[in-house]
Amino acid sequence: MINKVVADAPEAIHDITDGAVLLLGGFGLCGIPEAAIQALIFRDLKQLTCISNNAGVDDFGIGLLLKKRMIRKLIASYVGENAEFEKQFVAGDLELELIPQGTLAERIRAGGAGIPAFFTPTGIGSDVAKGKEIREFDGRLFLLERWIKADFALIKAWKGDTAGNLIYRGTARNFNPLMAAAGKITIAEVEELVPAGELDPNHIHTPGIYVQRIFQGEAYEKRIENVTVSA
Amino acid sequence: MLSKTQIARRIAKEIKNGQYINLGIGIPTLVANYIPDHLQVVLQSENGLLGIGPFPKSADTDPDLVNAGKETISMVKGSSLFDSAEAFAMIRGGHIDMAILGALEVSENGDISNWKISSGLIKGVGGALDLVASEARLFVAMHHCHKDGSSKLLKECKLPLTGIKCVHKIFTDLGIFSILPEGGFKLLERAPGVTLDEIRDKTAGKLVIKGEIPEMESFD
Amino acid sequence: MINKVVADAPEAIHDITDGAVLLLGGFGLCGIPEAAIQALIFRDLKQLTCISNNAGVDDFGIGLLLKKRMIRKLIASYVGENAEFEKQFVAGDLELELIPQGTLAERIRAGGAGIPAFFTPTGIGSDVAKGKEIREFDGRLFLLERWIKADFALIKAWKGDTAGNLIYRGTARNFNPLMAAAGKITIAEVEELVPAGELDPNHIHTPGIYVQRIFQGEAYEKRIENVTVSA
Amino acid sequence: MLSKTQIARRIAKEIKNGQYINLGIGIPTLVANYIPDHLQVVLQSENGLLGIGPFPKSADTDPDLVNAGKETISMVKGSSLFDSAEAFAMIRGGHIDMAILGALEVSENGDISNWKISSGLIKGVGGALDLVASEARLFVAMHHCHKDGSSKLLKECKLPLTGIKCVHKIFTDLGIFSILPEGGFKLLERAPGVTLDEIRDKTAGKLVIKGEIPEMESFD
C-alpha cells in the first residue's frame, strides 16, 4: 500500500498558496478539519476561496479564517451562525455564493466522479435557476448544474490508516467523503491513525485513493454548536 | 389560537404509518415529540441520519451526532448513517415521503419563501430548496402573521422564492389550509376559539371557505 | 422503525407482472439475488426487461430466466459468458442494449438520486455516442446520458435488518446498492436477517429507506464463475 | 518474440511507485505477478476493490471476492471495498493513474478497439470504455498480429471503437511502441531476437523508426 502519512497539520498544508480554492468538510462545527484550520491561521494567506456547507461560528471553524480576513469568497449553503461573516459581507469585503445544500453536495460529488454537469430539479422557480439552462425530462423541469473541484480538500475523519483509508463517525461524516474525491490534493486528519490492514475493508467509507496526505490531529475540541438535552 | 407546541401536535396527527419524514428547523422540529407511539415512522436528518431519536440525556451528548439544526440528538434502533450526497439523493430521488418546513411566506398557488434574511443578506438556503423540489408531500408550519401583524398567506410571495406550487397544506396558529389546484387557501379547520372573521382578516391571499368549518379538537 | 420483512422469495416477488422492468444486482455470479431468481422461474412471466451488468451463465443467475424465455430485452455491459443468450439474440428473439459498465452504474445511481441526466466522457468517439448530445466542458467532450429506473430492483446483501438496512460483503456489493435506490419496489434478500438495532448504523451500506421488502434466503449456492488459486 | 508472460513482465517495469492501476483481462492481469516488491502500488478491480492481492490458496477461495474477470482473488493489507458507482467514479474522475488493457486493434493515432465479437454479436463493452475515456495513462498489451497473421497495428481501426486518441504505449510480442502526437507508431524497443524488418512487415499502420532501436533486456 502507498503510505500517505505526513507529520502534522503544518506539514500537510505547507503548499497551500494565496488564492487557492479549498473544500472544507463538516456540517456546522460537526466533522470539521480543526487541525488544518488551526494550521492555516498561522499562515499569512490571502484571497482564499472556501467551499463549505457553513461558515462556522465567530470563534471556531471557518470563522477563524474569516476573522483573519483570509477569505475572499465563500461558497456555502447557510452562513447564518456567523456575525463576522455578515459584517465583512455588508462592507463588501467578501463574496458569497449560496447554493442549495443538496446541489452543493451533488456538485462536489460530481467533481470527484468526473461528471462535469448534471440536471437537478432543485432550484426551479427560484433565483437559483437564474441564468441556468432549464430542460424538461419526463414532464418535469430540471436545471443544469456544474461540477465543483478544488485545489485542496481539507477533511476530517474518525479513524484512518496509513494508506489513506477513512472511517467517519456519526453525522460527522456529512460532506467529508464527497470532498475527499473532489480535491486535487486531499488532506485528511483523523483522531486515530492506524497501520494499513487494521481497518476492516468492508467498513471503510473513503478509499485511500482519494487521500493524498493523512495525519493524526491532537486534542480535538469538537465543539457542540447547540447542546440540547432531554430531562 | 394555537401555541407553537399545539401547531406541532396538530401536524403530528397527519402523519401516517410507514412514512419517512424530514422535519425542518423551528416548529417542525417539535413535531417529533408528538408522533403517536403506535406509528412506525422514520425521521431523516439531511446531514446524514435516518432514525432521529429524542434529545440525549445530558451525559450522552455526542459532538459527532447532531441534527440539521446542529442540535445534539440520539439515534433509534435501526438508524443508519450516510454522507450528504446520499442524504440528498434520498430527498431528490423521491424516497422521502413528507417534509414539514417553516416558512416566511406562502402564496395562494402554493409557492413558498423560507430564506432567512438579515441586513439585506440572505443567510442561507440550506436544504429547503431540495426538499420543496422533491416529490415529498410538503406541509408548512408557521405563524399566520408576521410580528407586525401582516399576513404570511399572500396572493404572491414578496421574498425570494424557495419553491413554486409545492405546498400541500399549511398549519398556522389560526387554522389548517390546503392549496386548491386552481389557487387559493382552502380553510379545513379552525383553531379552538378562532372565528372565521379573524381568519378572513389575517389572510391576504384568496381564502376559500366552503360549508361548515370544523373547530379543531382542543389540546389539554 | 418500519418493518419490511416478508416471508420468502415467492411472497416478495408475487406482484411482478409480464413486461415489468427489473434491475438485478450482481457482477457475473457474485452477489446475485439467487432466491428471487429461483422464485421468478416458477412464475410464468413474459416480456421482462432485465437490467444487470451480466447475463449470468447458461444454468445459473439470469441465464435461468433466459432459458425459460422470460426476457424480451436485456440491458447489460457484458454478456460474453452466456451461450443461450447468444442463441436467442442471433435468432432475433431477444433485444440487447450494451452500456459501458461505468455509465450503466452511474445511470442507475442517477435514477435513485433524482438526477434525470448527466454528462460523461465515457463513449466519446465510439458507437455509444451515436444519437446522443455531445457538449464541451472545460475543453473536453462529454455526452449526455439519462437516468435508469425500474419497476422492481432485486438485490442481494450479506446481512440485513427488519428495517431494510443492508450490509454487503466483499465484492458482492457491486451494483446492489445503486439498484436498491433505483427500484420503485426494491426487494432485498439477505443471508442473515437480524432485528433492527443489531447492525452498527455506521457500517450500513444501504439505508433501509431504499428497501421495500426484505427476506432471508436459504441455502445460497454462491457459485464461483472462475476458481483461480495460487500454489 | 515475447511470450504473454514476458510481455507482462516487460510492462511491469514501467510501473512507478505510488500508482493506482487498473489491469484489464488477459495479458494485463498477468502484470500483477511481476510488479517489483519495492514499489508501493495499488491495483483496482472495477467491480469494487482497491488492493487486489494474489490468487488465494485453494482453501481460501471466497465466492464474495472476485476480480473483474470473475476470478477468485485475495485482498492485501489496506484494501477497501466499494460499489460499482464508486469504482467508476474513481476511473472517470481521474483518480486511477494507469490502465493496462488488451486490444483487438490499435490505430496509428491512438484509437483502440477491444470489444469481443462472436456470431456478429458484440459480447460486451465492460469497463474498457470508461477506462479509455479517463485520464489514466493507457498501455495496451496484445499480440502484434491476429492468428491469421494480419496486423493489429493499423492505420485506422476496422472494428467498433472503444476510444479515440487515448493509447499511450503498446506492448506486443515484437516490441514497444508509443503513439506520436502527429500519428504513427514510434518503435521504442525490439523484443530479443526480433528484427526491424519483421516489425516493419507486421505493422500495417505508419511505423516510425528513428536512430538506434535498443533490444530489450532478455528474460530468464
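For clarity, chains are labelled A, B, C and D in written order, and residue numbers in each chain start from 1.
Convention: contacts are C-beta pairs under 8 Å (C-beta built on N, C-alpha and C of every residue); 3 or more make two chains touch, one makes a residue touch a chain.
These figures come from a predicted structure and were not determined experimentally.
Q: When you check each chain against chain A and chain D, which touch both of them?
A: C
Q: Comparing B-C against A-B, which pair counts more contacting C-beta pairs?
A: A-B
Q: On a C-alpha centroid basis, what's the spacing between chain A and chain C, in Å?
A: Computed from C-alpha means, the inter-chain centre distance equals 33 Å.
Q: So how far apart, in whole Å, are chain A and chain B when each is placed at the average of its C-alpha atoms?
A: The separation of the two C-alpha centroids amounts to 28 Å.
Q: Where the centres are mean C-alpha positions, what is the separation of chain B from chain C, in Å?
A: So the centroids are 36 Å from each other.
Q: In whole angstrom, what separates the CA-based centres of chain B and chain D?
A: Averaging C-alpha atoms per chain gives centres 56 Å apart.
Q: I need the residues of chain D touching at least two other chains; which ones are they?
A: Where chain D meets two or more other chains at a single residue, that happens at 49, 81-82, 85, 88-89, 91-92, 134.
Q: Scan chain C for residues touching two or more other chains and write them down.
A: Chain C, residues with two or more chain partners: 106, 113-115, 120-121, 168-170, 202.
Q: What chain-chain pairs meet the touch criterion?
A: A-B, A-C, A-D, B-C, C-D
Q: Could you please specify the touching residues of chain C with respect to chain D in the complex?
A: 27-31, 53-54, 76-81, 86, 89-90, 96, 98-103, 105-106, 108-109, 120-128, 158, 168-178, 205, 222-230
Q: In the complex of these two chains, what residues of chain D are touching chain A?
A: Against chain A, the touching part of chain D is residues 17-18, 20, 40-42, 44, 49-51, 75-82, 85-86, 88-96, 134.
Q: Please output the residues of chain B touching chain A within their complex, sorted ascending.
A: Its residues touching chain A are 45-49, 54-58, 61-73, 81-85, 87-89, 91-92, 111, 116, 118-130, 133-134, 160-165.
Q: Along chain C, where are the residues that touch chain A in the complex?
A: That would be residues 106, 110, 113-121, 135, 137-138, 140, 142, 146, 167-170, 202-203 of chain C.
Q: Quick one: which bits of chain C touch chain B in the complex? Just the residue numbers, please.
A: 1-3, 111-115, 161-163, 165, 181, 195-197, 201-202, 204, 207-210
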